[in-house]
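Before I ask anything, here is the structure I am working with.
Just so it is clear, A, B, C, D and E label the chains in written order, and each chain counts residues from 1 on its own.
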């Protein structure tokens, strides 16, 4: 019972850090990076992706005994495409402006390596509950990563956060941050930071072990 | 820019030949003990035919050629064989050698063997005579000369090139030999012509040896088809591939031999020895070397017995207090000496000693930077290799790639690239190692 | 002979080396740039001096700090960071806020050089990486040009350069139009003499083409720069331009204007020639130069921006690995028909 | 299918079942979502269009989508065009003006704008950017920069006497150089974008104004036919 | 969109709005196979080819969907039709030209459901391109992708021999190079008007 508890929270947490889809596994960035120039876009994109992730994970794991191996990929793609279409229309219904600012990139969630990857690697082998947890974790990790990028790009690039201007009138915006090259650089910097932190973590663990051994 | 009678690329290091150029060849004293390695040449070591404690006369054959890729050895002095044992050599490996205690009393007379007459002897007789005389390339590679004279089947030789270029700084041995042994040189040429059947002879000299060139021209026998060509001073003009390119505009194919372009290249000192020894059926027991460099007190050109240790040589000539580096040959290619008790061999063209003043500014002491792609090495390499790329690959231990795509094995280690590199990258050192590794790999495979 | 018993050092051959070393080369580049810097200060006053100083210092400090962080000894001694800094400074507009100058300098060395492994490892020209970053980050400030030779330029400084970090500069003069902008947007061609002697507005170091050329000649003379690169750039630009000028003299400028205007001279002489990011063979350098020349003409004639030298060089940097792979020296004895 | 072994048959059957089942499921989901959102979306779009039209032609109460026929007439149209155009009628169903979409290559990508043409002023009297990927801070000044927006309070688009084209071509000039009513005062630092705007307006106006003016009577009629 | 010239469409897709450097599409192949020039070039070819196929498919599908007035089936039908068509082409290629298949074939499965491909289809639809324009767009996008990939590969091979710090090696370095390339490509802005 307890063990299951821990492991399932772990199921959720792993997506946030240990194998964060964006920074660690470098999956599914492309459909998202292009619209990470503002925090709002990043959040929407992240949530949309998470929704599709969860919905498809649920379906896939619910139907996992119903879908034969040979036909699985096409089935998964069908399912994913369905939910993406749904999201597309839902966002359109919520706000046309938002939909315009995301452009065709919502539809591109279909090909996001992350979603097919999780469906294939996890949901098709696990219970609905665990798949949901996994999806939540991955989605959260994905959204978080996108936000990390989007927040920086918006603050420097537009001087605002979620559209709220942060600085005095004469703040000098860094145009490059809203340009594609800025996206690459910010992502690179984040990857560097994450790498460094993981190095530190590894060193710390190594030390702890040696101490454990010595004591 | 392409110069007449020269090759493209290459470098112009300071020559430093003036201190010793004008000094006539002097006989070097006999050391109390001489060490004669049985393998002083590329190829199979010679078979010793003397016993421990046996008394030998100067010039007597003490070891016989073991097969075609091998040459005989002769006693450099009259004395007693103290032992036959391993001795250290410049390459760092221990080599079976004859330790000879010289007899101070002896007159050091050399008696003749059975002579080999130019007119009457057949080519094969001459070739065996050369092998018996223990003659190898004195130009540096110490490659058995008689082997060169027998080109592979179906390859005829039309031109004989006598290499008197001597492009290395400090060295003046070939220069002196050409001045003082002109007759020997021409006699040697007669033997070589007869042995190879070549129709044409070119003596290659660099512009800094005008005097020698004049004398050679003056004393040229009318009956010999010899031309003396003077090419501008440039290192490494003397490399046989480049001599051939400069004089005949023929390119020895990559991985090929001079014979592939119907030429043979013999060093002038080698030639002179042939001319001096064969008429009397003698063998090499000494050679001319330049002992020079700022670290030497009595610089000069000496006829020195094979087997003299570097230590004895330096003790005789005297060495500066602050002497810091000694190498055999010239500063461009000469390997540095770590142990002074190694013997001088047939391949040794000189002893050069540097003091702390020079080595202070020599490569070893300068800060090494990463390659900045300045392309100076590419501009310097006479073989049109890409040392920059090779260097980067060597650092990443991509040896196979170096050999397959960048012609590593063509590199003849002239050192021009290292000389010009502003980042002071020890390129040649990398390449020597890389070539070793590649040979290992290929033998392993 | 006791002293002979002391063990000798065993360096491998060659035991001698030509005098030149990296720091000598880099120092000479700095020397070649001194006249250009002096003129920049003369033309644009104390503002120019401050910008050049800030650019250089920011590059040096970045290099030093990053070396220390990564636990190596500082490499500012090799002067390459100084070269980068000066050249970067020379490409900036004369009234750019100092804080922007510093940001670009940090980016140039930090991202453009150190992250790739420092001297010799950078695939792109660091100075231009820094400038490109500013151009994309602060396009307005980077297209704002002060007039040269304003009186009182040594005493009173433009307010803009002292804009507080992260604040927009307040310009006290309206922007002047560079010769290229005038050409592109109004079809006016500047007088060649003004271009040669730096009487036009423009980046700090790009205006006086004569001095740049002289500095370049000095490096060529010292064999520290491959003359083929600038030569091929000039030739290709002149050629292509002439063709179009003949075809339509109104729409297209004459080739002298193209050669002497904008950053072409500085770029061709000092930035395309950065050996670290340019091809290694001479043939490769010709190709590389022609590529740069062609790109410059294309961007200037048909592109959005009036000037394209920086982008042309960066793009050519990206191509040069391919040039090197394509064009290797023909190894001795491998020509067809050898032997 | 006729293989006697049942292993593959079952698997084929199950594949069949799976694909059909999933297909059905997906179709169900999609269609339901589509229907659920359809109204909201069309409302949004209507609102969006209405807002845009209201911005460029405030007087207009109702709009009629129009297109031109090959024989140079103007007719009402039902289908959605790449570059829609409308006639606007005010509260008492008088023809208030025309609202036209124009597009052209900007600095980064294609620009789409909406502008309104006033029949009594013979001028462009409204302007709105629909779609722009221009650089924030530079290209997008065409939406924000006051002096640039001011160009379109009244931008002369008089028809030439022969009724085939505009009297004076609409052109963008450098900032501060505007002297004529048909010139657009450009934006320094965004010359490309502002010139692009000039070009696309000139092209579009040259296409539309002649037909509109040429068919003025019917235009009133279109509205009439609507009425009964 | 009838008025934009094919040349302009091509240049825009290839240089100004390059799929990788401006839209971040196809990053997985871009980073996945840009380590070696040889594979990069082949992947470039494969992507260009598939883009062309996808563009044609998308154009036809779009006509059908408009005919039956079912826009909501666009995404799902695009992805299914494109991937199955590519599979078909793959099989044909294997039969007809084994050489080409060996060169490009191995990459096809990797990229059939890749965002650059679907992106192309969706963008050309959003921009309402005519058939020929769509083809020009596909060719441009393909050429641009291949160009970016090849340039990237060249630089990365150069960096392999340079002493890049461990921390930076790999993804981070690749992103930075991509960023610099993206900056450099800004020089093309405004071309093709």
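Assume contacts are C-beta pairs under 8 Å (C-beta built on N, C-alpha and C of every residue); 3 or more make two chains touch, one makes a residue touch a chain.
Please read all numbers here as calculations on a predicted model, not as lab measurements.
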Check: Hey, what chains does subunit A share as contacts with subunit E?
Finding: C, D
Next item on the list: Name the most central chain, where centre means the mean of Cα atoms.
Entry: C
Checklist line | Between D-E and A-D, the pair with more C-beta contacts | finding: A-D
Next item on the list: Sort the other chains by how far their Cα centres are from that of subunit A and give me the top one.
Entry: B
Next item on the list: If we define chain centres by averaging CA atoms, which chain lands farthest from subunit E? Would you check?
Entry: B
Check: Centre to centre, by mean C-alpha position, how many angstrom separate subunit C and subunit D?
Finding: 46
Next item on the list: Averaged over CA atoms, how far is the centre of subunit B from the centre of subunit D? Could you give it in whole Å?
Entry: 87
Next item on the list: Measure off the straight-line distance from the CA centroid of subunit A to the CA centroid of subunit B, and report it in whole Å.
Entry: 70
Margin query: Based only on mean CA positions, could you tell me how far subunit B sits from subunit C in angstrom?
Written below: 49
Notebook entry, point to check: Of all the residues in subunit A, which ones touch at least 2 other chains?
Noted result: 74, 78, 81-82, 85, 89, 175-176, 179, 181-182, 185
Notebook entry, point to check: Residues of subunit E that touch two or more other chains: which are they?
Noted result: 72, 76, 162-163, 168, 172, 176, 180, 183, 186, 189-190, 192-193
Checklist line | In subunit C, residues with contacts to at least two other chains | finding: 111, 117-118, 120-121, 133, 136, 139, 304
Notebook entry, point to check: What is the complete set of touching chain pairs?
Noted result: A-C, A-D, A-E, B-C, B-E, C-D, C-E, D-E
Note to self: Help me check something: in the complex, which residues belonging to subunit C touch subunit A?
What the structure shows: 100, 111, 133, 136-139, 141, 163, 166-170
Notebook entry, point to check: Which of the residues in subunit E come into contact with subunit C in the complex?
Noted result: 37, 150-151, 154-155, 157-159, 162-165, 168, 172-173, 176-177, 180-181, 183-193
Check: Okay, in this complex, where on subunit B does subunit C touch?
Finding: 11, 13-14, 169, 241, 245, 250-256, 260-261, 311, 314-315, 319, 321, 323-327, 331-338, 340, 352, 354, 358-359, 361-364, 366-367, 369-376, 378, 381-386, 388-389, 406-407, 410, 413, 415, 418-424, 426, 428-429, 432
Next item on the list: Can you check the complex and tell me which residues of subunit C touch subunit B?
Entry: 1, 3-4, 7-18, 20-22, 24-25, 78, 80, 117-121, 226, 275-276, 278, 280-282, 324, 328-335, 338-339
Item checked: Complex contacts: residues of subunit C adjacent to subunit E -> 70, 111-112, 115-118, 120-121, 123-124, 129, 132-133, 135-136, 295, 298-299, 302-305, 308, 310-312, 314-315, 318-319, 321-322, 325
